[in-house]
Amino acid sequence: MNVTVAGYLYLVAAALFIFGLKRLSSPATARRGNQLAAAGMLLAVVVTLTDRQIVGYGTIVAGLVVGSGIGAVLARRVEMTAMPQLVAAFNGFGGGASALVAAVELLRDPASPLRTLVTIALSALIGAITFSGSFVAYGKLQGIVSGKPVTYPGQRFVDLLIALGTLGVAGWLATTGSPTALWAVLGASLLLGVVRVLPIGGADMPVVISFLNSLSGVAASMAGFVIDSNALIISGALVGASGLILTNIMVKAMNRSLGNVLFAAFGAEAAVAGPGAGEKTARSATPEDVAITLAYARSVIIVPGYGLAVAQAQHVLRELASALESRGVDVKYAIHPVAGRMPGHMNVLLAEADVPYDQLYDLEDINPEFDHTDVALVVGANDVVNPSARDDPSSPIYGMPILDVDRAQHVIVVKRSLSPGFAGIDNPLFYLDKTMMLFADAKKGLGEVVSAIAEL
Amino acid sequence: MRIGIPRQTAPGERRVALTPDVTRKLVDGGHTVIVESDAGRRAGFTDDEYRDAGGEVGPAAEAWSADFVATVTLGDPLPDLGPDAVLLGLLRPFDEPDRMRRLAETGATIFAFEAVPRTTRAQTVDALSSQATAAGYQAALEGATAADRFLPMLTTAAGTIPPAKVLVLGAGVAGLQAIATARRLGAIVAAFDVRAAAAEQVESLGASFIDLDVERQDETQTGGYAREVADDTQRRIMDGLAPHVAAADVVVTTAAIPGRPAPRLISKAMVEAMRPGSVIVDLAATTGGNCEVTRPGETIVHGGVTIVGDTDLVSRVAHDASRMLARNVASFIDLITDDGSLRLDFDDDIVAEACIARDGQIVHPRLVQEG
Amino acid sequence: MAELLIPITVFVLASFVGFEVITKVPPTLHTPLMSGSNAISGITIIGAIIAAGEDVGAVAAVLGFLAVTFATINVVGGFLVTDRMLEMFKKDRP
Amino acid sequence: MRIGIPRQTAPGERRVALTPDVTRKLVDGGHTVIVESDAGRRAGFTDDEYRDAGGEVGPAAEAWSADFVATVTLGDPLPDLGPDAVLLGLLRPFDEPDRMRRLAETGATIFAFEAVPRTTRAQTVDALSSQATAAGYQAALEGATAADRFLPMLTTAAGTIPPAKVLVLGAGVAGLQAIATARRLGAIVAAFDVRAAAAEQVESLGASFIDLDVERQDETQTGGYAREVADDTQRRIMDGLAPHVAAADVVVTTAAIPGRPAPRLISKAMVEAMRPGSVIVDLAATTGGNCEVTRPGETIVHGGVTIVGDTDLVSRVAHDASRMLARNVASFIDLITDDGSLRLDFDDDIVAEACIARDGQIVHPRLVQEG
Amino acid sequence: MNVTVAGYLYLVAAALFIFGLKRLSSPATARRGNQLAAAGMLLAVVVTLTDRQIVGYGTIVAGLVVGSGIGAVLARRVEMTAMPQLVAAFNGFGGGASALVAAVELLRDPASPLRTLVTIALSALIGAITFSGSFVAYGKLQGIVSGKPVTYPGQRFVDLLIALGTLGVAGWLATTGSPTALWAVLGASLLLGVVRVLPIGGADMPVVISFLNSLSGVAASMAGFVIDSNALIISGALVGASGLILTNIMVKAMNRSLGNVLFAAFGAEAAVAGPGAGEKTARSATPEDVAITLAYARSVIIVPGYGLAVAQAQHVLRELASALESRGVDVKYAIHPVAGRMPGHMNVLLAEADVPYDQLYDLEDINPEFDHTDVALVVGANDVVNPSARDDPSSPIYGMPILDVDRAQHVIVVKRSLSPGFAGIDNPLFYLDKTMMLFADAKKGLGEVVSAIAEL
Amino acid sequence: MAELLIPITVFVLASFVGFEVITKVPPTLHTPLMSGSNAISGITIIGAIIAAGEDVGAVAAVLGFLAVTFATINVVGGFLVTDRMLEMFKKDRP
């Protein structure tokens, strides 16, 4: 194929990546975006296969076949819950490939000019770190490696030594082009990847993977400098930059900083556990999580409780409901007979917010509906949605009729902590897999959810 | 100008035509205010408060002999007025034309709030509106209190109580206020009126309008007021309202046509179809009542249904009703004084239209024609 | 450094595009987006193909084969798994 | 099981212990319901409605001789009960222990709603709560109606009427409901209570809590109820409340301590410091009143201030109050029956605690101790 | 200066343009963005002056001095209201410069290769169209040329002929490099610019200018191809693309399409005029306009009227107020004694929406405040804000006290049309320069404003 | 067309950046933004300077002078007037 034509086709591929990435960042278009990007990749591969002066197709085809098989099987087989670690593994393979490309290039011509050697060294370094780091992350998520941060005294110092050593051999490689130096760089970088990721807790792994992904983009870009390919440079830079932004977004959603995640996490991870919660942990969600879960639901049942009144959040709750309704979500309110602290407490609140009477449902009328409801949104209620009143004969509130929110697809609970309600007893609802806790004052928390929905 | 505020003598009347705070304003404006002793007591204002505000407290004769006298209503017997006297009040000129004619013979200049035009500019003088506001509010409360049901919906451990149904007939000033008050309490409110603009006004308060298939009156030609309807329309209205009345827990009726007996909207049979324990508050009781069973001035129970025909509802909010009336009075004084002394300007349409009689003659066209 | 001017220009511009393209991503999309952009970073497959297509000895051949295999796993697996994740957002809204 | 529903004989009592809709549920559940003729009339339920619901309408004797009798209150004289009879009602056991002892002598099994524990599970049986809800609502309405002021703020052509101030003393079930009702009407509401949890509850209704510098009682140790306060605390409370009472247009008092006379919160002097035209509604009138001037069962005017001491407020919402009470009765029947026939399970804490007397003996610890 | 260094510095300049543009699209950072871009421009100019083999500085310095003088004086002297036409003029100068650069390049070497000639032709063509088109737009806005669309029968046909002719001579130029062809291209393009802009109405001029601006960016980019300058290519492409997007945003805000604005606007422009409005016209605003005016105000006084009640918009009004308050705006409500249709009508509504009593102000208390209030937001009120009650003794409502909203900096009126209120009389408030009308049902319109504020 | 590959790549990437950078502009910023980007399009001043710096005859010199003058007006005037417009948004919020 004509080199010029190939060049333009690579540009098209890069454009497809851009369009793909753009679409990937909105729920409505994400799937299409992924397909666009895949098409771009196919184009780039085909162009490469037909364009470049390729001597032997044997290894290439073998590699493509083996790689496709493994990739496809892994992608199809994995369970939903194991996806994050799979992404980590894939990322590791990508980084590894970049490192290997650099290695082959060096072997082909160890006497390359300095600038090529610099990029080879960088590509090898970053690629190898990505490789080993990603697989440690994989191990942590998969439970092979302990999810707990692995720490020991003097760790920082040792880490620093390894990092300096890696840089040193990389410098050696860049200046001499020695194959020995290459192996040294690869080895040192692999080690660095392992020691840098081990001390980070399992809950932070997604951020680490995203960051490594951004790095692997940079590695690809470096490889592009090496083989003088704009396609690689552009795509690598794209991933590098967007990955960095994404990492930043994720870190912000955790109310942390990237530095804090990568370096300062030598302390133990703080899991939210309530009094008497024992081994159970509740899943804490951000207002954005809550917003998207609600906005993409078909039906939502809102369960107000005393906390709604304490927070005086009735108006913002109503705002939330209108925002959802205007997106076509079916919204109902389930009023438990004893929610609040006086008979009719919820009626007073909802009347103040002018919620139409026909959206209010009694316990008997609404309970059969939870089964086919996407999301139950519990706002400052506790005892009235405590499943132990139904399931646990030893519970002091056993026998009280409750709202069966736990029968909905998803449960979102908005309250400030895991502390109990009026009856003073723990609520197993909070520890269900399907439950997200939004820990916030109801007025503030719901306000943030409303803003987040407006931004979807 | 000397302003006289006599104590009210009509039975049940608790209001007063001027309040201490407005008294202060008038005194500051250069007027002298003479308040009859105890005039404000039943509205919650003491003589001392008037004195503190710069007013003088004196006997009835002194209040009545001022240059300008503001009264709420006229008691029995009619006051002795000199030919130079100027009187303002809710004098019921179109309901009691004979008393008016007798009063006119004194030669005094007589202004009735009832004759103030319902124009935008006249609103500060519009005591009908201000007092109807009080009447509508109180009527809704009396209805809610007398009903044996909760107005709001309540979901409780002892079951869910559905919201009560409130029906308001006649959506003028009082009717709208009754709607608003019942809605505040959480009731489901429906309303009916013959005026075309009423539907939108009712809905602007979150209540629903009952759309009977009767001609909607364009009020702009009648100064905002409704006209009497033909007999068959009357019957169609009653038939149309019957199911709504039967379903209501509280009915507040306010329908009125100035100077005419109140339109009959609820028959005895309609009352008997209501659930025992429900309530009708008939604000039109003074002019005969919108309900056939109403006994003006009394609260009766008919077949378990309480019918409030009390005519002193406004006096039950005497304090705030007097406050509003006092502002109306002060605004009127503004119109007829110049730099603290009387200057009747009959070129001003409000002053001209509000005047019922002067120089011993009835001057209001409505009374002149009829007489 | 003169030869690097053009590639660096391209790199800088592409980075700008990358920064701008991701603006507000809702949290539920974090993982799919990461996964998808990871698949794109598999573009190194081009380098791998070129490397594997050269004839520079057995070691290089093995490394080249591995490079292609790794890169292909990244690309194929990455796009497929992203697609699976995104299937969950069935209810596409415009 | 045969369930008897006698007509109420206590003066002013308009409620009934069972309503037609709950009658239907019980009949469907296999019970026989005997309703004394006219038992529901004053609550707006006719004998026909009971018959339609599957109940039998009969004379008093038949209702009283059923297996299980549910009454609202006890009239005078006490009913004749057989030793097998089971009685449930608002029997005032702690306020009238002597009558209770006399009743116990019949050998009947006697349950009083007043003795039902205030636990989460017991809420469907909690008639104190359901009736206090009615009392609180009605008290706020009576206060609003009797006041000579508007509760809401009104900006009108005749001036702006500022919102009225409502003060609620005692923020239990009735107090909270009074707060909510006054807030609905647009008043500015403040409240006080001695329980620690009350502040948050008051604020959860958008009212403000009056924070006097007195010890806040931890109610969790006393089953949710308040305890009597020491004399000096009492004085500090009254001193602290004085300015708030003086500024209020409507005061609703609900403070109570079970089985004790109502705490005194408003002295005569405090009443006299109020503006004439303002109102006190004393829900504690039955147990002596929170206000020194209150005359139980009467509405009086003292220095221009209306003090409502009426003890029949709940009966004024007889219809809905009866509905709620009927659900409480039905929920209790659920606890003491098995497949349609009586099975008293004294292992159930609600049944055990609610029982005042059986086999001719007073069994409730509070009465046993005291006696 | 070293060419490589110069190349990198140009890249820095381009980056500054990008950062500048980015910041320019948000009110909070716009000024800083403009300064960044200006800094980039200065850098580019300095680099060019020092780097390129410049023979004579004379003309350059003369041009720079004259140009700076003219530009600075124009920019400083112009009145606020004349800014749009000034932008048009500046834009025209830029286009002209691009055309002239192409001309000089052609004159220097008429025997350039084809691709250079193509870009020269494009640069001349687009530059000249931008030049003449911009000055026609200037004329229309300034009132020199009639603001009305200039049309005559057969216009489309004539235009088409001119366009084809222009393309023809451009082709001639590109293939031959003949200077005659150059003059022909310049002449034809100038003509084309004039005839294409004349038929467009004055109100659409901002869109035309924005579009021409985008074109002039493309022209600069073409010039960059000609003189082989990445700086020009990048900056030109930036402006070309962002200008196109901006044009599109503007067109959408007018509920039109670009094609419709450029070609179909042969009909007369529709000005909103009320019954009895005579020559007066009211300015109609979009919810976005309203949103930004409110969001960047320090103090807002809300004046509710009967329309608020009719629309039952009290809850969304309250939402709007909270959104503003959370941005630090001071919000008050001014209640006119006779607003609505019953005494206390507004109180009922605002109580329902739970507006705190202490935010409600009476006429006497609030009227002195309008003077130092940024925005008065009138929602469904009419008679109670009619200045003729105060100023026009012949008005039937003369003497009624009104809320002096016309004394505020800006007035926003939300109602469905220009139709009168209860008193049935026209309201001069609507035709003031400082008044924006949001023609919408209050509930719907305010809802859109709330969404727009969330997106700021 | 081979020589155009690089400039076109640069052009395409820069266009993407241009498209992405302007996302949601509030209407009040339409004019300033237009004005500011118009000033940026005055980058053609570089071409003008180069053109005017060459020595290719009187006509070209005049044209070159005009080109520099025009471009400078565009740049200087454009940035200044934009700045004036933006002064109105005094209350900068972060």
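A, B, C, D, E and F label the chains in the order they appear, each numbered from 1.
FYI, contacts are C-beta pairs under 8 Å (C-beta built on N, C-alpha and C of every residue); 3 or more make two chains touch, one makes a residue touch a chain.
Note that the structure is a prediction, hence the values are computed from the model and not measured.
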| item | value |
| --- | --- |
| Labels of chains that are neighbours to subunit B and to subunit D | A, E |
| Farthest chain relative to subunit C (centres taken as mean CA coordinates) | B |
| Chain whose Cα centroid lies at the greatest distance from that of subunit A | B |
| Distance from subunit E to subunit C - Cα centre to Cα centre, in angstrom | 41 |
| Whole-Å gap between the CA centroids of subunit C and subunit F | 34 |
| Approximate Å spacing (C-alpha centroids) for the pair subunit A, subunit B | 68 |
| Where subunit E touches two or more other chains at once, by residue number | 18, 22, 230, 234, 337-338, 343-344, 348, 351-352, 354, 455 |
| Multi-chain contact sites of subunit F, meaning residues that touch two or more partners | 1, 9-10, 12-14, 16-17, 20-21, 23 |
| Subunit B residues counted as touching two or more neighbouring chains | 123-124, 129-130, 133, 152, 154, 156-159, 161, 184, 186, 206 |
| Chains touching one another, given as label pairs in label order | A-B, A-C, A-D, A-E, A-F, B-D, B-E, C-E, C-F, D-E, E-F |
| Subunit C residues touching subunit E - in the complex, by the definition given at the top | 1-2, 5, 8-9, 12-13, 16, 20 |
| Contact set on subunit B toward subunit E in their complex | 119-121, 123-124, 129-130, 133, 173, 176-177, 180, 183-184, 197, 200-201, 203-206 |
| Subunit F residues within the subunit C interface of the complex | 6, 9-10, 13-14, 16-17, 20-21, 23 |
| Residues of subunit A that touch subunit F when the two form their complex | 3-4, 7-8, 11, 15, 18, 22, 230, 234 |
| Touching residues on subunit D, where the partner in the complex is subunit E | 152-161, 163, 186, 188, 206 |
